[in-house]
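Before I ask anything, let me first share the structure, which is written out below as C-alpha cells.
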C-alpha cells in the first residue's frame, strides 16, 4: 500500500496543474511592460552629443562608428546592430547622456544592411503600434504566493 | 576529431550534434545491444577561441565574451574574470557591491540549477511537465535580472571595482517574495520528480562515481559533491560576500545520478537562504569605485577560482602592464566533467537509455567546455 | 442478414439477371442506401473510418491542449480560435505537403509500405469491438477474441520491418526494442484475456460483454485489470513505455527516417493502436457497452456508454504521460517477465479455481 | 590524507627534491608555485601525487613567451584535504617543445594535454590518445594560442 501511495503521489501533484492558469503571454496581441533599465534599441539625442567619441572607443564589438551627417560639421555615432551586443557601455560612459536605451526589441529586418542605424535613424523612436499593429494591450507580471500572474496595464 | 579504433562486434553510434539531447557536441558510443562499452566525447563544435579573443581586448570589453561562456549561468562566469582582474590590479570593491554581486551570483546559480533540473526530468523521458515548470520559475529570476541589470540573460553587470547599478527601489521586497514563492514551488518538484518511483528507478545506482574516482578523474561541482567530497570554492576561497552570509556546502553520499540531482536541489535551497539574508541585511554605501574603462594592470599573474553552477571555474590571468591581458587561461568546469563522463562507461554498467540521464547529471554546458 | 455478406442488396442479382441499364442506377443507389443504411453507417461512421480518423484528430488535439495545461501553457491557440482545433488539420495538411525524403541505400518498397500497414492493421482489429450486441461491423462470432489478438500480433512486425528497412542505427535499435517489448508485454495480455474468456465461458466479445451485465470483470479479476491497463501503455508505445521511440535516447526510434505524410501515418498509427487496445480493455474489464438504457434507445445508449468509458480512460492515460518518466529497456523486460507474466498466470489460476468452484 | 599548509609544502618539497626545483614559492596560503627542471619533471610529478597527496588534477595549459623563446606548461593541481592549489610548471624550448606526458600520472590531464598540443604545438611523449580536442581534424592553420598566430591560412 505504501508503494501504491508512492505511485499515486506524483499523479496527485501533477493533476491539479491542469486547472491552473497558463503562465504565458500571447505576445503579438499583448506585450509585457519592460523595466526601466531594459536595454533595447538605442535612442540618440543629437542636441546633447558633443562628438567626443567615447562611445566608439568603449564599444567592445566596434559597432559604433562616428559618421558625418548632413548639415552638421561634427561627427555622430552610427550603430551597427549586426554586431551590437547591448552591453550598455556606450550608454553608461556617455558624459552627456546623448545615447539612451528604449524598450524596442522588434527591429529585425530581411536585409542586414538595414541594421546599420545612422544617427538620423537612431534619433527616431517609432511608436510601438506601428511596429506591432496587432498589439492590443500591454501587460505586467506580478507574483502571488502561488503563481505568477499577468495584469493589464493599458490598452494600446 | 579522428575517430579512435573500434573493436570488432560493437556498433558505433554517433550521438549528436543533431540529436534531441546531445547539445552542441558529439558523443561516440560503442554499443553492443543496449550495453555501452565506451564513450568518446568529441568537443569543439562551439570553439570560439575566447582565450585568444581576450588577449586582444581591453579588460572591460573582455568581460562580455566571458559572460557568454555559459548563458544560463552568466553572473558566475563573469565574476571569475572580474575577480581575477581586481586581484591583479589591486582594486578595492565597495562592501555593498560585493553583496549585490553575491545576490546576482546566487540568482544565477538557481537559474542554472533549475535548467539542469528540468533537463534531468526531460532526459528520463519525464517529458513535459517539470521542464516547463522550471522554465516558468526561471522566468521570475529573469524578471529580477531584467529589473536589476537591464538584460535577462547575458547581463554585463559586474566590472572590476563594483557593479554597474544599485538595487532599484522595492527590489529587496521582490527578492523576498520570489524566495517565498520558489520555496513553495520546490515541494512540488520534490514530490513530482525526485520522489517519483519511476524517476528513482532511472536514477538510483546509475553511473556511480566513487569518491576516489571523482578525485582522480578531476570531477568538480555538483558531480564532486554528489560523490561526498565537500569542496566548494565559495567556502574554500571565499570571494565577495560569501564569508559574511550563512550557508552550508551540500554533499550526498550515494555517488549516483540521483545524488547529483539532489545536490542541485538542496543547493537551490541554500541559494534561496543566501538571497533572503542578502535582501534582509545588505549594507548601505556606494556600489562602484572610480575605475577607468581603459585601465592598465601592472605586470604579474593571479589565479581566481570561483564556484559556478557547474563547478569550479578558474581564471589564470597573466598581465604585462598594458591595457590587454597577456594570456588568460580558463579552467572550465564542463571540460573537467566531460572527462569524467568519458570514463563512466568503464566504471559502471551503462545502457543506451542511461546516456542522456548521465549527461544531464553532470550538467554540461559545451560552450563553457569549448570556450 | 447473413453474417458472411456485409451488404444486402439487389445489385448482384440485377447484374446476374441481365436487367442492368443506366436508367436503373439512381433507383439502385437509393435501394442500396435504404437496404444497407446500418452497415454503411458502421463502415463510414462508428467503428469504421469516421471514428478512427476522428479519434486520431481529437486525441492529437486533446493531448496537446490538455498536456499544455499541465505544463502551464496554452497549447494551440491561433488556428481555429482559442481552442486551436484547426491546428491538427493544419499540421496534417503540412505533413501532406511536405516532401517525403527517402534516403539512399534503403529498402524503399518496404520503407514506404510499412507506415500504410501500420495504421490499417490495428484499425482492422478495431472493427471487431462490439458497440452493441447487434452493432458489430465484423462479426466473426466466437472467434472474435482470438482474432483480435491474432491481428494485433502482426502489428509489432511492422515497426521491426520498417526499422530494418530504414538502414539507420537508431531505427535499428528502436526496432529491436519493439521486438523485446512486445514479446515481454503481450504474453501476459493474452493470458489475462484467456482469464476473461474462461470466466465468460465464451470467446465471443459480445458474450463476454453480456456476461458482465451483473458485475464488471474488473472486480473479480483485479490483477488482470491492472495488468491489461499496463498493457495498453506497452502495446501502444505510450509513456512510460515509449521505449522504442524514446526521443531523448534514439532520436525517434524506428520512426527516425520517416518524413512527410509517412511520418503522419506513423503518428496516426500510434493513436489507432491506443484506441484499439483501450476499447478492448473496456470490453474485457469495464463491462463494454453495458450501462443503463437512456431515453428508451438501447443501441444508442450502449454506444454512448462504451464511448463514455473509453473517453474517461483516454483522459486518464493522457494525463499519465506527464506524470511518469520512461522506463529503461532492462527494467521493462524485468517487469514483463518477472512480474507481469507470473501475475497473469496467477490471475488465470484464480479464475479457473473460481470457475471450478462455481463462484461465477 | 593529512593536511599540510602551502608554506610547509614548499619547505618539504624543497627538502625532498632539491635538484629538481628551479623555483618554489607560496605567496598566498591558498596558492603554491613550483617550477621544475625538464629532466626531473615526471619524477617530481609522481612524487607530488604519491608522497604529497596532490590527488586532484584541476587543469593544464600553457603560455607562450616568444621574447624568451620559451613556452611554459602549467599544470593546476589541488590538494583535496588542505585545499590549496599548486601550479606546477616547466619551461620548454619554443623551437621544439616536447615533454613527457603527465596523463599516466594524473589521468584527467588527458584533455588538457590534448588542448595544449593543438593550441601550442607541444609534443607529449607517451600520451595514450593524442588527437585534437577542440580544433577540427583538417585544421592546417598552425597553433592558435601562440603569440605569432595570425589566423588560419595566414603566414
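Think of it as A, B, C and D in the order they're written, each chain with its own count starting at 1.
Criterion: contacts are C-beta pairs under 8 Å (C-beta built on N, C-alpha and C of every residue); 3 or more make two chains touch, one makes a residue touch a chain.
Nothing here was measured: the structure is a model prediction, and the numbers come from that model.
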{"item": "Touching both chain A and chain D (chains)", "value": "B"}
{"item": "Chain of greatest Cα-centre distance to chain A", "value": "C"}
{"item": "Centrality ranking, top chain (CA atoms only)", "value": "B"}
{"item": "Distance between chain centroids, defined by C-alpha means - chain B, chain D (Å)", "value": "25"}
{"item": "Where chain A and chain B are represented by their mean Cα positions, the distance between them in whole Å", "value": "26"}
{"item": "Mean-CA-position distance for chain C and chain A (Å)", "value": "50"}
{"item": "Contacts with two or more other chains, residues of chain A listed in rising order", "value": "10, 14, 17, 23"}
{"item": "Contacts with two or more other chains, residues of chain C listed in rising order", "value": "70-73, 322-324"}
{"item": "Interchain pairs in contact, sorted by label", "value": "A-B, A-C, B-C, B-D"}
{"item": "Complex contacts: residues of chain B adjacent to chain C", "value": "11, 13, 19-21, 31, 34, 121-129, 132-133, 136, 192, 196, 198-199, 201-202, 351-356"}
{"item": "Contacting residues of chain A [partner chain B, same complex]", "value": "3, 6-7, 9-10, 13-14, 17, 23, 34-39, 57-61, 85-89, 92-93, 101, 141, 143-146, 148"}
{"item": "Parts of chain C lying in touch with chain B, wherever the complex brings them together", "value": "67, 70-73, 169-170, 173, 239-240, 242-243, 246-251, 321-331"}
{"item": "Of chain C, residues touching chain A in the complex", "value": "66, 68-74, 77, 319-320, 322-324"}
{"item": "Contact footprint of chain C on chain A as seen in their complex", "value": "10-11, 14-15, 17-24, 26"}
